[in-house]
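Two complexes come next, and they have one chain in common, chain A, joined by chain B in the first and chain C in the second.
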Partner chain A sequence: MAEENVIELKGVEKTFRDFWMRPVAEAVRGLDLEVARGDVFGLIGPNGSGKSTTIKMILGLIRPTKGTVRLFGLDPRAKAARARLGYLPELSHLHSFLTAEETVLYYAGLSGMKRTEARRRMLGLLEELKLAHVRRRTVGGFSKGMARRVAIAAALVSSPELLILDEPTSGLDPIGTREVKELIARLAAGGMTVLLTSHQLFDVQDICNRVAVISEGRKVGGGVVADIVASAQDKRHALEEYFEARLNLQKGGA
Partner chain B sequence: MRRFTAIARTAAIETMSQPLSAILFPVAVLAIHILPAFQYHRFGAAGRLARETGLSSLFVFGLFFAVPAVVRGIGRELETGTAAAALALGVSRSLYFLARLTGTFAVFLLFLFAVAAATALSSFSCLKASAIVSQAGVVRVWGPAILVGVAGSLAPFGVAALLNRFANRRFCLWTCLLTVLFQLPGLALLEDASPLRVMAPALSALAAACLVYVAMAGALATRLKSNGVTACVVAAVLAGFLSPVKFLAPDMRVFWLEEGSTSAGGPIVAGVALVALWLLIGGISMERKELE
Partner chain C sequence: MKDAFQIAWRGLWRGKMFWTLLAAVVAAHFLLPGLVRSDGTFAGRFEMHVRVVFGAVTALVCLSSLALACGALAREREDELLPLSLVRPVSAFSLAAGRWLAFLSLAACILALHYLLLHFMLPSVGLSPENCRIHHAPALPPAEVTAARMMEAFLRSEKTPEAVKKAPRAAVLALLTAKENERYEVVRPGETLRLPFSVPADETLTVQVRFSTLYNIKEPLCGVFRYRDSEGPVSNSTQAILEVPLRAPLSDSHVGFEPLTKPISPDLTFKNTGRSDVMLRPRRDVTLLAPGDSFAANSLRATLEALALAGLLAAFGLFLSAALSRPVALFTAAVLMAVALMAPDAVSQFPDEFNATMGEKMGLAISRAVTRFTAALSDVSPVSDLASGRAIPVGELGRVIATDLVAWPFLFLSLSAFLLRRKSR
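Right after this comes the complex of A and B.
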């Protein structure tokens, strides 16, 4: 039986235009991508390669210029599709005047959760992310790492089927990073599909089972992480080597 | 409905948590009590002067906290990605826009209540003071009203500070809420509802005009940066005062004059229609916006 694809992109292109409709940047060019149910999928690429644009198209925040994007087999703008996902943006701009618990409850409210269920889930998540002792403090006074963990709790509060994480470990210290990686591993073990972007290739190698390398808006490589590691000479730096090799190949071919 | 409530509630908390709101709520009330008390001795028409001070305070202070709150709320959330995190969860864009504006509108209505109560007490106090002048032949203010009015605008700071210190409550938010709450004793001093009845049409018409500018700011914030929105709203206000703008912004020449708006059915209907128009424009703009 074929695996169900949670995310499917076919021939997707995105060209940003200025006020006069002149093309300013071709952010994504003919991208094909499939994320199957249960995958922990890493989208990696250098800065400006089109990762965030791709994620925003998957989230229905921007429309592709060409091609199709399907989320749970539906248009990404369909409410039914987006109600099943959790999203952690690259920069956690939380409401600085809300406390940690109010922030998580706010996102629970946006997901349409009942208050008692939201409260139970919020307390569990803040405990799991080691924020229980600061839950009544406003997030405006939090360190970057603590704010990041609040944002992760907010993304998880609705128990989504698909979790999209844009740079999940950004701003976290090594212990925080390890804890988030363990959390993602636990979520994946529980059957959640995860799509993440990161520049920390060690982390991606540790937690993802599949990756795609994109550069200048094109997919230039990808596959099963275990296969990439198995074929590498330096197992510890396998994904880093693979990443560099794919980018060099693209530059050589260009 | 849960989504709408969550967004509107957060927008209301955000608006009242701004230091600007915590200053403008009590300062507006204080101005309404103090200014007529100083001026009526020289210009006469005490009750009217108090009412016009109330209208001015509603318009100027109301716009000063509500417009920036909407621009910051909608514009900055779109710029920084906070809105994207909410919209990615399946919240409809037009619902998001309407809920955010509803939150700010709700705070504006609280402000309107505080201003209306303070203006009623102030105009009643001026009439009382006039009576004292005619009886005693000396200039005196009516003590109870000034006491209640000044206490009602200064005490919120102290009580909010205590709540912040001992119960960890938000200082700015509670200053705003207590300013509204502390106007109730002032209402109890009124002998009848006539001060409220006299100014109700003018106050409603002017409140409708303010809400038009707030809705306009919200709609423009979906497309323009904060400076651009502020410039457009200021231009619309000036245009409203200088020339008869009827289609997108209120004709402020009608709204402003107490006489012109004592039978304010027309301006209120026009205001409500313009609010609806700007909400529609903002909703469509949000639906079509690409959140880059």
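Right after this comes the complex of A and C.
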């Protein structure tokens, strides 16, 4: 596979089974996806469409039932692939007894960073995310938005080449949301590949250059955001219109 | 592994667990001797400080290691913290092993404090412990081997009832092994009992023995032990645990005993010079005691054994924690601990397996399986060894460390890592 594609999914299917190995749910059905280097890629779809399952397969947390998932041309479980990855889950679960700086340093350590380099990077990130003044406070007492920013710092500390963000603006106030969007734009401008999921289609339209629409485990649409906006009548709600149109088309087809 | 260790250690430290356990150890040393009365003798007070306090500290360390480990990974999985760690270039094994090392370090800190307190407390209450002693058991073939020979003879014999012949071999063998362990030898007046021992020749030895009588009544006993070129007379009553020092005989005309002759037998002999029959169990009632090293060295070995036990339980707790939710893991650990503590007694004291009901047979089978499993996991008794003054051999300590602190934890942590990967889905 060309290294140009940071993420490549080919004919991926995932069926969850119960204890007796009986199929319970077909979460993903024949999904093909390519995320090129430098893309800010939005994975959008209604609840239960298979976005989280797809992300878990890309992260190597679960294996596909069929098809192949490649991350930097490698198996997602390979350490070499994981070393180039940053991940922000949908909910910012953090160790409540750790301070903000300890949290970021912990994940830096797990990523194999040297202590001095990790410390320098941690201080820079906490400064950038406006957490420097609370860096010695335990995160258990943080607001949802502050915890979210700590989680973002933890995801970014190892300077990953690929950043996977699951609902990155979830729990943030409008100012926090704007700051995160600006941060993602800065990261993308610096050459980082970003894959994100969100229900905030305005945000996706603002941040992403490419999108894929997933519904019932299938890819039902996608393309370059600029093209979608260009072909839309209401530029402001272009992605929302496109999303609804693709879902209606799928329902009609079904 | 270092990062996983640090995070778990910080959790223990900031969760106040560290200080709570240290306070409990100090309280055990200062309060328990006041709460539990000794008989006032040196031996009683020593027993109090060693068996009761060390027992309490060991139980505290082992149970806290198990309980903390049972919650560790389960809580992280329930809080969805594990995927964040598992997507990093780090193995699930090192995540589990780092946490195990943190629990082991906590146990080591508690036991180190106990060790220091013990050596501070004993002289302060006027107790200067004696050197420990190396316990030598008779050099008999293993009870299982003797039992297997007996079983073959039983099965060949025409007198053996058909019901016994048809019974499961394992059950018969277990019964015969238990009987062999409890087998009594009767020494009639004027008779001599021989027991093989292999003890280095230059040792100054003491025989520790407990005689019985047929109906377990106390009777006067009189006799002479001899081992190599030394002997020790004994004149006391049955049922008591006696210590008989062996010394070079004062003259060859010792009362009731034949003069020393060459070649010297490698067996320990006991000649009954009294007027009553006496009985003893060769595998249970006779031990040769040789001088060991200092109490301090022995208590260090006992402490290390306790640490190994805590390490084993912590690894097992992590395994349960990786497999089950926190309350279920804690409940499972509690039930397994209770069964493991009761099972050996159930197995050894069950009267007659062949007249048992189906329910009793099932219970016995479970008890036997648990005993076999836990004996394979760990077979140490640091508290009773230290309290009874038994020197813990360095070889035994090495074996305990190799199994309880290396081999089994490695297996449990590998299983935990496997489960972490599966459960993170």
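The rule is short, and it goes like this: the second predicted complex is superposed on the first by the 251 of 254 C-alpha atoms of A that agree within 3 Å, B and C clash if a C-alpha of one lies under 4 Å from a C-alpha of the other, contacts with A are read in each partner's own complex, and residues count from 1 in each chain.
By definition in this document, a residue touches a chain if its C-beta (ideal position, glycine included) is under 8 Å from a C-beta of that chain, and two chains touch if they have at least 3 such contacts.
Everything numeric in this text was worked out from a predicted model, so none of it was measured.
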Based on the shared chain A superposition, would you classify chain B and chain C as clashing or fitting together?
clash
Counting only touches as set out at the top, which of chain B and chain C does A:Phe97 meet: first, second, both, neither?
both
Let me test your reading of the model: by the given contact rule, A:Arg148 touches which partner, first (chain B), second (chain C), both or neither?
neither
Which partner chains sit in contact with A:Arg136 here, chain B, chain C, both or neither? Use first/second/both/neither.
first
Which touches a greater number of chain A residues, chain B or chain C?
B
Which holds for A:Pro89: it touches chain B only (first), chain C only (second), both, or neither?
both
For chain A, what residues appear in both contact lists, the one with chain B and the one with chain C?
56, 59-62, 79-80, 82-83, 85, 87, 89, 91, 93-95, 97-98, 106-107, 109-112, 138, 154, 158
Applying the document's contact rule, which stretches of chain B touch chain A when the two form their complex?
2-3, 5-7, 10, 13-14, 17, 77, 80-82, 84-92, 168, 170, 290-292
Considering the complex alone, what residue numbers of chain A touch chain C?
56, 59-62, 79-80, 82-83, 85, 87, 89, 91, 93-95, 97-98, 102, 106-107, 109-112, 138, 154, 158
Okay, in this complex, where on chain C does chain A touch?
2-4, 6-7, 10-11, 14-15, 79-81, 83-90, 424-425
Chain B contact footprint on chain A (complex, rising order)
16, 56, 59-63, 79-83, 85-91, 93-95, 97-98, 106-107, 109-114, 136, 138, 151, 154-155, 158, 164
